[in-house]
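Each of the next two complexes has chain A plus one other chain: chain B in the first, chain C in the second.
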Partner chain A sequence: MFDYNFHWRPVMKNLPDLLEAGLLTLQVAVLSMVIGIGIGLCLALIRMNRNGVLYWLATAWVELARNTPALFQLFFFGFGIGAFGVHLTPFAIVLAALSFNCAGYLAENFRGGFQAVPETQMRAARSLGMTQWQTYTRIIIPQVFRIVYHPITNQMVWAVLMSSLGMLVGFRELSGETQFFASRTFRIFEYFAVTAVIYYVIVKCILAASRLLAMRLFRY
Partner chain B sequence: MDQTISFFSGFTIKDVWFLGEAALRTLWTSVLSISIGTALGVIFGWLLHEGRILAALTLAPVLDIFRSVPLIIQLVLFYNFAPIVGLNLDPFWSGVVILTIYTAALVANVARGGIEAVGRPMRRAARSLGMSYWQDMRHVVLPIGGRAVFPAWVGVALGVMKDSALVSVLGYVELLKASQILITRTQEPFLILSLAGAFYFALSFPISRYAAKLEKRWAQ
Partner chain C sequence: MIEIRGLEKYFGALQVLKGIDLDVRKGEVLSVIGASGSGKSTLLYCINGLEPIQKGSVFVDGTDVHAKGTDINKLRQKLGMVFQQWNSFPHMTALENVALAPRIVRGKSSGEAREIAVRQLKHVGLEDKLNVYPSALSGGQQQRLAIARALAMEPAYMLFDEATSALDPELVGEVLDTMRLLADEGMTMICVTHEMGFARDVSDRVAYFHRGVMEEIGPPSQIFCDPQSEHTRKFLANVR
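Our next item is the complex of A and B:
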């Protein structure tokens, strides 16, 4: 049944390259999360106000990001906007698609978080003499953050997993690099098996880090 | 003597038919893997709930792997692994197998959540009314727990439907692969990608809206 010889040596030889590509994966994921959180927060705030063109734009963004495949979004940033003469580098394509997707998903989480904080707290804080800014930064945001902490962690994991699509637009992150080496040596299974392990370790590290951080942040 | 061969030709009505066929293949792949995967996932969820320590040490980590490794890597890995153990699967069946396991891994958690959503006192009450274990499962846990996690299940199913686009890496011509082929020929990326995106959106948006509405109604 097993007349296949596993050759792990070429993989081990390229392991440093793969790990370096893993860092690139992490980099693009973190960057897209930072952008995604920023835009997602804006989208959530805009959608809560329910007025004007901005509301419809934000809603369109959120619904498009949530209801189409990530691969479609990637292709759209890859080839779709090429129709208008915009050509991005593979890194920019992946970053744009990931940020677009993360922003859409996070916006819904943020909106849920804001809605979970009773409106009366705002009025209570204001009547205690806090300014609007103080109320947001000291009362509302800390509570919202606590609620959206887990969704953000999940989204971070998704961002890492989704960045693997980069290999389809020629981006040499972990998956792209793996495919590059695999197609050179035809040791496809071995290379992708090692890559799967690396992804697993990355995801576990993120989850562990998030749990440790949560213990430190949410002591009270 | 002015003979030229044209590599590119415009978008015709026949191409819409081509896309439509591919969309049906996307649907068929998703329906198949979602239905089998859900059945498996419910069994896994039940095992996770009833198996306690044993399941937590064996089944849970295995399912966790499928959630921590990018789907695209799983697909490539399985597609290249199957021949090693003597299975000759075409891209379609490889895709369905992996999507099914992936669905099962996601649904298992949802199903366990559903079983645990039914309070222990309620289940004791059912048993002390003379119901057997399976009667309790069928007439108490299924309607109450099922209702609690139905929206989450819809989310998983739609996610798998969207992720089925990844089977294209194995060369299976589903909707996104078909649009890629057409883009290469017609050089009209924006139009074709919009059509493909519209299909996914038209499928996913109403269902997710409906699920959200149900969730709201059931929450009251």
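Our next item is the complex of A and C:
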């Protein structure tokens, strides 16, 4: 019944290629997080202000990002906008979709973070003559980042794992590369097992790095 | 000099200040007493523009606080404020808490700002806590830190909003002592307070607020020994 013979050699031969693809995965995930944090912060601030067209745009963004499958979001950037003659490279498609998704989720995290900073902090800063901008950049946002630090770490992990969808739009990141080799050698189990281990190690490294960074950043 | 004329303030439909007229001279210590919800704290927020007003005016050294063209951030540098919930910035050390505003608001160099901060922390007796985060300070220490932070702007006036109300009883003394020190140094102060002893001993004048109205104002001897208003009498009978 169980007459499958494992052949690990081809996987091992391609290990450097897989690790390189893992680096690409990490790269697209980190980039999308940087973009997602920037946009997510803006979305949260816009939504707290509650005025006009911008509010509705930001709300639509957050709603779509959080309540539609990530795969659809990817296909939208991959094939959807192709209908309007916009063609992105696979890297750009995945980066755009991940950034879109992360920004939406992070916006809600940030919103909660802003609500958790006592309003009196704002008053104290303003009473010292700080402008609204100075108050946000020096007093409020640094505290928000501490509150949302672990949710951001989670989102980072999620971005790494979600980037695997990239193989469906022809992106040769870790999963795409694995799929490519697996289908050439038919050693499907072996390739995906090794890749799973690589994902696991990447995520563990991110969590460890995050913990170290937190110790440096948050001494209070 | 702080001049308040016909000040009216609403929160929605609720009127919390019903036409306040009040002058505070340079060097004066004014205590404001009254029950919770009488509008005392709101008065302070209207003086430094943290709350908009609906009617009347507030002038600080001749500048209309609520006028459109007023540079409110510049004006607030004259008006140090200390809050009930001390509001130290939790992500900064004591030194950074105090040095931040001199640096980014007054444009001091980081060296100068540090010097100012060290001087003011010494002033309030926290010279051994320079590099400590607020979470490691007691409530009384955090409140003194808040006083040092306000003083670092070298304000002409200090507004105290129930500075000791949120403190454990045994920590009230050290904060009151710091406030006394400032009064002795000639700082102009408006202290919203429930500390009747402080109001009696330190103030030049005491104002009693009742439901958004300044019922009575006068020297402590008058307010505490010979109150003219029935409300004042009742209030003082209850707090004693």
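Keep in mind that, in the parts below, the second predicted complex is superposed on the first by the 219 of 220 C-alpha atoms of A that agree within 3 Å, B and C clash if a C-alpha of one lies under 4 Å from a C-alpha of the other, contacts with A are read in each partner's own complex, and residues count from 1 in each chain.
Here, a residue touches a chain if its C-beta (ideal position, glycine included) is under 8 Å from a C-beta of that chain, and two chains touch if they have at least 3 such contacts.
Here the structure is a predicted model, which means the values were calculated and not measured.
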> Just chain B (first), just chain C (second), both, or neither: which does A:Met167 touch?
Replying inline: first
>> Under the stated touch criterion, which partner chain does A:Gln134 make contact with: chain B (first), chain C (second), both, or neither?
In response: second
>> Output check: A:Gly82 vs chain B and chain C. Expected answer is one of first, second, both, neither. What do you get?
In response: first
> Taking the superposition as given, does A:Asn5 touch the first partner, chain B, the second, chain C, both, or neither?
Replying inline: neither
> Looking at the overlay, does A:Asn51 come into contact with chain B only (first), chain C only (second), both, or neither?
Replying inline: neither
> Which chain makes contact with more of the residues of chain A, chain B or else chain C?
Replying inline: B
> Does chain B (first) or chain C (second) touch A:Gln143, or do both, or does neither?
Replying inline: second
>> Going by the contact rule set out at the top, does A:Arg66 touch chain B (first), chain C (second), both, or neither?
In response: first
>> Can you give me the overlap between the chain B contact set and the chain C contact set on chain A?
In response: none
> What residues of chain B sit close enough to touch chain A in their complex?
Replying inline: 65, 68-74, 76-77, 80-81, 83-86, 158, 162-163, 165-166, 168-169, 176, 179-180, 183, 188-191, 193-194, 196-197, 200-201, 204-205, 208
>> Residue numbers of chain A touching chain B in their complex, please.
In response: 1-2, 4, 63-64, 66-72, 75-76, 79-84, 157, 161-162, 164-165, 167-168, 175, 188-189, 192-193, 195-196, 199-200, 203-204
>> If we count contacts the way the header does, which residues on chain A are in touch with chain C in the complex?
In response: 118, 120-121, 123-131, 134, 138-139, 142-143, 146, 218-220
>> Please output the residues of chain C touching chain A within their complex, sorted ascending.
In response: 48, 50, 73-74, 76-77, 79-81, 83, 85, 87, 89-92, 100-101, 104-106, 133-135, 146, 149-150, 153
